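The chains carry the letters A, B and C, assigned in the order they are written, with residues numbered from 1 in each.
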Amino acid sequence: MHDDVFAARRGVQMRRMLRQHPGAALGVLFILVLLLASLFAPLPYDPMGIDGGATLRSPGGEHWFGTDGAGGDVFSRVIYAARVDLSLALAGTVLSLVVGVLLGLAASSKGKGSERLVRGLDAFQAFPLLILALALVSLSGNKLYMVVVAIALINVPRFMRLLRSEVLSLRESRFIEAATATGASPRRIIFRHLLPNVWGIVLVQTSLTVANAIVVIASLSFLGIGVSPPTPSWGSMIRDGAGNMSSGEWWIAGFAGLAVVLCVLAFNQLADAIGDRTARTYR
Amino acid sequence: MSLVEIEDVHKVFPARQRGGEPVHALKGVSLHVNEGETLAVIGESGSGKSTLGRVALRLIDVDSGAVRIDGKDLGAMDANTLRRQRADMQLVFQEPFESLNPRMAIGAIVAEPLQIHQPQLGTTEIRRQVLSTLEHVGLPQSFADRLPGELSGGQQQRVGIARAIISRPRFVVLDEPTSSLDLSIRAQILALLAELQREYSMAYLFVSHDMHTVEWVSDRIAVMYLGEIVETKPTRELFDAPEHPYTQTLLSARLSPDPREPHAYKAFAGHKTVRDAVENQEPA
Amino acid sequence: MNAQSEELALEVRNLAVSIKTPHGVVHPVKGVDLTVHKGEIVGIVGESGCGKSTTIKGLLRLLPANSTVTADKAQLAGYGDLLATPVRRMREVRGAKIGFVAQNPFGSLNPIYKIERQFYELQKAHKTKVSRKESREIALRMLDGVGIVNPARVLDGYAHQLSGGMAQRVVIALATTLSPQLLIADEPTTGLDATVQAQILDLISGFVHQEGRSMVLVTHDLGVIAQYCQRVVVMYDGQVVEHGSVMDVMVEPQHPYTQRLIASVPKPGEKLDVSR
């Protein structure tokens, strides 16, 4: 219905963006490899398996990342954990994005409803959201979809605020006034004029949200909530390995922690790169 | 009956923060524009010309007074009616770049009025009209796929003009529409506007600082000063016998394009600002 | 004209700009020479889209990353080669050494800062020790100088509350706040009526001539060229087609484009001829 009569074909020029930001390129590569490996690669050992005869082996030729207290292969478990950890993070992000953008748009319209929404948002954010999320997941009996909801709970307000502030400042801009002057409907203004101009910054926030979600999931499973054993997750591996740290077996918590840090870094780099790109095309 | 009638309009921009002063941008402005006529509005920077243009199209609400087009009160229209009414009235913004969506192709920007008000034309016909309108304002057809940021200031300005005229509205507010154009392209654009006016009886509210341009295009001139219209006269009369001190100052400040005739005008004859000059000349 | 000298303020040789676009490489500027002496105002005129702004932005390194600027020479007196300066360091040059008034005033004002803050940030960025109070006083004086009647109100407001001409004057005030040696102004008075335009050009030309500064002034207004500039450069399609003293070029134009331009000055009292 909004078929474009003319289009400037460019979008986000992914390739150039990544060339100018090697950090982001590396990050994207890392995430892709990790995700693909966790989904399809033949792992050296069964990630759920235990081996009473090979507990707490240090990293080496046989077990690249060593083994944990139950004899599970740390390498296989770290890779496999990406399956559940990253999927949950992505699912939570998508939910936050959709709900946050819709509510953000609603909160930036003119009228009483939007004011109420903003006041509700303020009240809501006064809660310690992480603790709320924690309670929610554990009360639900560690349902995984609740983890997704929990992530949304924490991130929806951020999307809302971002969208509201962007849209409010765009509303003042001349080209929106020009669209109004032309006779564009509110719908057309939102879809053709507002959204295309906030996508860039929403994408940045999305990338940051994935990073945040990874940390939240890890924190939850560190506390024994959410993803439950024997399914490996980085948080629970850190918890399991924490006890071994003092006795010198650093590798269990170490490699799981590294995975979290690298993922977070990767998404932060990507956010940076997108942010740069948006700023430049906007000016 | 005039096509556009503005009656005793007041507009105050409220102070944004405590302690700030509100700005009384329009203080009881009345004017009318007839079909097929160009009314030029001139006046000091900040005197309320652009605000007047916005008011005339009801892009901002007025505090009191009325704006009518074709006898219909814009202030009394609901949102849908007003939107349909906009098919007949368009605006060329004073800020060419800011008024173009930075992420929309030039062609899509120019096509928008047709897509909104005459969707029955169909994509092919809209495309054709966009390309020919671009050509009319002196832009190559290949610009249709470019983004606004890839155009020069004067090219952006012409995109704004193309957007405003493509649907042949009956009333156009042109806010400094040729300020960034060189003389030869300016003449070309003004001729285009005049031709459209003749053919479709379009009415123009033409805001400009350039007295040459105003002299060229307008039938009547309204002079604004501090939010008020201080005189309205047929063009010839105003140039021959300017009444208000501001108008007199303005006319004497024109710069000659011939370097052999150095301009006699010394800014406001020793006064610090136009306003000093005007106020101290004004008969007590 | 008194302080005009033979001493060079800016010398640019063979400046060229190419921009990579999705539709191929374009060359908006194809070898421009520009010489500015101290105490002189050089005007640039030319058709809309002929590359005036791109030349200037190229010199000031303000073009987007997909563009390339080359020149045999781009020497700013008292500084060095502009094109040899890393883009990051150019921020120090703009403002302190070269004042820049962009064609689009709203583009150079930050929409979310109050105007006062923009004066403060500018002064702070160039390590002039200023307090907020001093900065405000300076700003008030600068705005008063460009004929803004209620400077305090403007300082306490945001860019979008300004009229077009007010925004232009704010940008001119900002560009001259640090008293740069060279001022580059791209159509700085398009939104101003003749009286204010004269006031501002008087102010700037006083500033230039009395203190041995210089200025490059892009304009479409031949009256401004004739009355305020000493020399003029005529551009057409990315090149300089004619340059010389204002007297020579405006009175006896050589190039066909210049001749056409000067012939198209409307005569007073003329009505627009629609038939052409």
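Criterion: contacts are C-beta pairs under 8 Å (C-beta built on N, C-alpha and C of every residue); 3 or more make two chains touch, one makes a residue touch a chain.
In this text the structure is predicted, and so the values were computed from the model without any measurement.
The most distant chain from subunit B is A, comparing centres defined as mean Cα coordinates. The chain pair with more C-beta contacts between its two chains, of B-C and A-B, is B-C. One inter-chain figure worth recording: subunit A and subunit B are separated by 49 Å, centre to centre, where each centre is the mean of the chain's CA atoms. Note on chain placement: the centre of subunit B and the centre of subunit C lie 25 Å apart, centres being C-alpha means. Shared contact sites, meaning residues of subunit C that touch two or more other chains, fall at 64, 107. For subunit A, residues that reach two or more other chains under the stated contact definition are 8-10, 283. Residue positions 95, 98, 145-146, 149 of subunit B each touch two or more of the other chains. Residues of subunit A that touch subunit C in their complex: 8-10, 20, 169, 172, 280, 283. Across the interface of their complex, subunit A is touched by residues 22, 64-65, 107, 111-112, 160 of subunit C.
Residues of subunit A that touch subunit B in their complex: 3-10, 173-175, 177-185, 188, 192-193, 196-197, 281-283. Residues 13, 16-17, 20-21, 23, 42-46, 49-50, 94-98, 142, 145-146, 149-155, 158, 176, 179-187, 190-191, 194-195, 198, 209-213, 215-217, 239, 249-250, 253-260, 262-263, 265-268, 273-275, 277 of subunit B are the ones touching subunit C in the complex.
Chain contact summary for the complex, subunit C toward subunit B: residues 21, 23, 45-49, 52-54, 64, 103-104, 106-107, 147, 149-150, 153, 156-158, 161, 163-166, 169, 186-187, 190-199, 202, 220-227, 246-247, 250-251, 260-262, 264-266, 268-274, 276.
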